[in-house]
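Notes follow the structure.
Think of it as A, B, C, D and E in the order they're written, each chain with its own count starting at 1.
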């Protein structure tokens, strides 16, 4: 079965070809069936492969399938080949699974859109690229998927291209991603120059011969991380994600919550061998991660557009994941990635269903008291909220807690910040819940007339996801030995080695936080401490809940007062810290103006000026010489005479 | 005392005699021809040229002095004879219909062309300054008359007068130069001169150098080098177009023949001195010629300037002063004959009475009204511009290679830059023909069988030499190998 | 003795030549040119080139100048040239350059070496046969070809002159 | 015995006078005369040189020059007459239709 | 060097010319007939060129399908043609595009069809000739000949506004460079004679000149460099390109972009580097930096263009910067990448010009501002346009990526800094292309005229699809093409290095450093 791994990406491609080429002649129904079917098939394949894989003994749970040699130039050689190992298989399952659900949901959601077929073509194309990304057995092929998903997000964000914002957002997304890819590209070259290959195995094998702190590897990892920040919307390249919400909601769910944006995390984990060798870059990763988490969470506090709230929360959750990687808890990162995929997808779909009910309304200030009208949506949404807020026993609790615990082990400061982010998270999420479903209705009347629950085709995926986000966490129960199946499954990839090295690097942070880091091995035995931590984080979560409850149910005027009191802060938040404006001011406009100058002045005047100038010079000379030809025979005689004189003087009197 | 009559070697004078006889016949018979039925005289002329050609072929290969070293009938001279005959024949072909239209078709015209040709031939074969001088004068006087042949035309008169005055002026200098050289060396015989120079110990004799300089002036005038060029545009513009064609090729070639023979042969020992001068002359000539040509509006004037520029290129061959250089001069002149005559032929076809259709603007839109004519014109112009696969390209190629071979890299670079400039004004004509809409309604063309023949010869020559140059190169090389 | 002749004739020549280019009336110019020719003939005699001197008088002073005068009369140009300076600069500059030319040619004439190998026709020998006969001898033997060329030259010239000036062809 | 250079200098002077004549006179005919003057100057040096070198070539040359001069004059005057017929002038300043 | 029993190269070179002659003979009224002749001629030519590809020996280092006939024996010129991996693909590119162009201008060109087709076919002959000739003289002849038809294409059928200016500019610009090259060729010729005592323009013989003193190499290199750099065009010499592209008729721009520009890069590969290795080595920094400037500059400038064609033209400057960079990385990846990128640029930019031409045909404007929302009106067009755009952005999986990546890789290997700067081009490419695409295709259909534009006709699709096929082919399975070039390039590089070492050796024990044959002491 393992040999058929190539089927996993191929199925969606088939979908693309069918829908793309002869989609025009197919009924919407068929298109939908095809689109969902192919994804379903690849999910099944992934499942089967997973089963095969777990049968193997853990140490050789890694399998490569080479299709053909892609590029061969001198000593440079890359294959089209796929790699099956615990990490990739989990990604495959998550990706294909979640996207399967979202496909189904989309059938309902996009039903009345005339771009229906185009939509599904793009969507399949996306799944294809995403699967290529996660299955690839070398960096270059991964890059193919990497760019592919970027393209699809461009296409899907700009799906409603008639309106300006989506088109702009799409472009922004692609370009910002490109900036990240720039890093990735350079990283790849450096990798090739350093290791002589781009194949994962080859590279990671060779990496063992390098010792920690090697500069080349440092550079590689940093560059790769640049790529990751682009794709996974981390500071400084996160700005495209909020705008990406212009796309259809399922797209936001699939691409900008569940799958694509997590590619960065996946890539970092994939390269954990390298990162471990470069503690500094780990530090960077962690810092960027946590900063992003806090920073964007803060933006979510003041956002009123439900999807933007979710977007910011996505970014901050991604921040968490990077934090995990940064502190060397790669497993935790992936774990959170998975659970996040579930509940965040669910949240988006829920939001989508709400919009569906409210004829596309996004502003939470125009919602409220929907609880009764859209029960299924409400309950699933609530579950998801609980999950993301990290309340026991929902999936989010386990994953987030594992991250915080690892962070705590590394440095308290990181933990404090993480906890703060968690607080905000639960606050704004419940704020969203309360503003949307509780309180008195602020929906404008004519919309209010026909509020209706979404059709089953949309709600069923919600339910499935709800279940997943409820129980999904139990694959990784901490503390009790051997119950953390997830961790054990991944350990061949991430290896136990990670955490220690992380420790060392963070000691200096530890000083900052004013208490020495506890040694890693020991950490596992501080069961008591770990449980304590859990409780603390639970309290935090509930704190957020309570605060939200107080401000939006008990005393609805509180937010306004707050806004009055901290006007400056509020503006800052509601304007997303003016980051977009700053970027425009710093980069975009100068480049535009500069190019204009280059063209209008330098190209037209200077370079071309020289060309035409020389031409003009000749023409001028010509007109002068023309004048000399006076037509008076005696002038001519004179010129002859001058010539004679010149020659004679040259010859005789020199 | 007794008159030792020297051996009279009539054979060696074959071409010259045939032409003179033909001319005299024309003069005699044209009288009896009815008015504006003078074609037979033209045909007689052509016949004469053909015979002269044949006799030239016969003379080929065995070079000999004749008439007490007055002339040397060698391949060099004969090669030039061929060029003269081609240009004369072509001019006659072009003239037949043209002169009719101008209502000036007289037998004398053709006779004079033949006389001029005879003069040229004596310049080419003459090995005594006197022979050369007389040949030059014969040629010039005939050309003065031909230039002024359209008596009612102010332009024609004017060009004749200007050419005459300046021509006489410059030949006075030439004569002075001859006198000085005669004084310095004691002889006017080229062989004698070179022998003297090879013997003498003192080459810095100012009289000698001055004489040499004045010879440069005299020939420089005829081949139209700057600053002795100023007559060219006016004379070319005013003269009957067919005569202009004849001048631009024949006169130039003849002058070069004598120039090369005298300088690369008898004055060889002064080479370091004249080389400098010719280097400078060649550079300013081509530069001025090309640049001035750009601003021209009258196509004949433009071609005049272009012919000045070409004189500059050809002089590069003399500057190079090696066998390749000399042979490239010969080759270039041959190529130049075809392309330039062709260009003028087109001008004639397109020209109307009273100097109509002579402005470059008049050519606009011609390309698609008269595709054949335009195509021919483009071929000739591209050839003049030196773009393959035409004779002009190969010619330039050899001239430049001669310069490079002799180490005059900079001269070569200046040369190519000049031909870049020249491309601009040649292109302008094609632009007019193909890229502009006709400004005025174009009248019909004045085709005539003879003209068609002329054009065909020209275009075949241009392309043939361009694509398969080697036989002609061989000819050129044989022609120079003897006296170098 | 010869010196006296030479210098006197030379002065006459120069003066008359100057008159040619300075006098306003074409007729006068022509006449002074005639005078120049005569004096040149005189110089030729001094250089014992009697034959040349003779034809100088016959051809130049006789034929050519008559032709000039004839034309001047014909076109009745015997009026003072209109003094309308188109370009005085040309005039001044011309004279300047011409005088430079004089410097050059003069220096050449003064410093020129005539190393040329001496010929056979020493004055004595020529005197023996007589200048004219000697020249004739050469002309019809060694120089016969140029002589013939001149015939063509003249023919062409005659034809040309007729073609150009004959009223009705 | 007059040194040859005297003759040569004299001829140079005459030649220059002729040149100046060409340059400053407006009347075509007079210009033409000046040219004749130049030719004669050259003739003078020819004769002088031939005397000096004891060779008659110079004198023969002069003979030919005279012929040429005659021919030139004939043609030239014909042209001038012709011109006069058309333009009623022999002033070279008015003979400049063709320029530039 | 293996001679071919059948003169296939000559056939391919001159078949179009024959077609042109046929057209000359046919009546100008019979437009369809003329078009058919042109189509048949060019298509036959394409078919004939296929055997080249298949019977080409990939593992053979020397020249193949060689034909040699003495032309001007005494001056050592010969009709000497042959190809190796380097020229093979370019020839195929040419023959591939010719029929496409004929079809593309089927409706587009209605005035003076006869002359147009003649020019087109002659142009093809010229271009192929340049790629096949192994004799410097022959090469120069073709190089110049090819100018004339292109000049006419631009000047006669270009769009009225500034076509003449553009045509003349194109002609003079190119001429300028090539004339200096001519002098260099002559110098080389005589230099060779002074060393070997043989007069020859045979390129392979001239390759054997190992000890050209550096002082000469520099100048010769510069002369050739100018000719080719103008053609490429490299950064400071590029200004003719936008004008030529903008004013030329669609087909003209297509051929210009697809093939003519490649002659420059090809020239570097075929003449500059092998003939003057030392100079080439010394000039690497200069050229690389110019190339990088070109990459970034071209991208920035095309970002602010208002005219579609101009935009694409400047993008060419950027792309060819990549090619040059790759070639002068002087390692397998770089050169391979450069070569494949030549083909890619040909395909994608050619296609872009075709596409622009198609909308121009419909709307008679190329101003970006006049469009917007076209994908609504013409979906098929939108799809194809998108794919081509992506290929020129260099999206992995499409052709552009393979080339760019190899180039950058090669550059990176030879000099990291260059690579770091050059790679930014990848970002900018995305910016200007997507922005253009967005402005043209996205948004509401604002202009009335755009409301009911017809989508692509079968003919137009037929024109574009072949190109798309290759875009994907090269993107997904470049091996087909890389394998053909591999050996030649390996050989090329090894030869290059050998010669370089040899020269350096000669410089060291300065043997022959000064004495260069008596004929070649430069005067004045």
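Throughout what follows, a residue touches a chain if its C-beta (ideal position, glycine included) is under 8 Å from a C-beta of that chain, and two chains touch if they have at least 3 such contacts.
These numbers come from a predicted model, not from an experiment.
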Give me the set of chains touching subunit A intersected with the set touching subunit D.
B, C
Remotest chain, subunit A as reference, centres from CA atoms:
C
Find the chain most remote from subunit E, comparing centres computed as mean CA coordinates.
C
Applying the contact rule given earlier, which two chains have the most C-beta pairs between them?
C-D
What chain sits nearest the middle when you go by CA atom centres?
E
Take the average of all CA coordinates in subunit C, do the same for subunit D, and state the distance between these two points in whole angstrom.
6
Could you please state the distance in Å, as a whole number, between where the Cα atoms of subunit C are centred and where those of subunit E are centred?
70
Centroid distance [mean C-alpha coordinates] between subunit E and subunit B, Å
43
CA centroid of subunit D to CA centroid of subunit E, Å:
64
Among the residues of subunit D, which ones contact at least 2 other chains?
8, 15, 18-19, 22-24, 31-32, 45, 49, 52-53, 55, 57, 60, 64, 68, 71-72, 75, 78-80, 82, 92-93, 95-99
Going by the contact rule already set, what residues in subunit B reach two or more other chains?
130, 134, 137, 141, 144-145, 148, 151, 160-162, 165, 169, 176, 180, 182-183, 186-187, 206, 210, 233-234, 424
Residues of subunit A touching at least two other chains:
615, 626, 629, 631-635, 637-638, 641-642, 644, 648, 652
Based on which chains are in contact, what kind of graph results: line, ring, star, complete or other?
other
Inter-chain touch pairs (all)
A-B, A-C, A-D, A-E, B-C, B-D, B-E, C-D
Can you list the residues on subunit C that touch subunit B in the complex?
104-105, 107-109, 111-119, 129, 133, 137, 140-146, 149-150, 152-153, 155-157, 159-160, 162-164, 169
Within the complex, subunit C is touched by subunit A residues 632, 634-635, 637-638, 641-642, 644-645, 648-649, 652-653
Within the complex, subunit A is touched by subunit D residues 19, 22-24, 31, 92-93, 95-100
Flag every residue of subunit E that touches subunit B in the complex, lowest number first.
71-75, 112, 115, 140-141, 144-145, 147-148, 151-152, 155-156, 163-164, 167-168, 171-172, 175-176, 179-180, 182-183, 186-187, 189-190, 519-524
In their shared complex, subunit C is touched by residues of subunit D numbered 1-2, 4-21, 23-27, 29-30, 32-34, 36-37, 40, 43-45, 47-57, 59-60, 62-64, 66-75, 77-82, 84, 90-91, 93
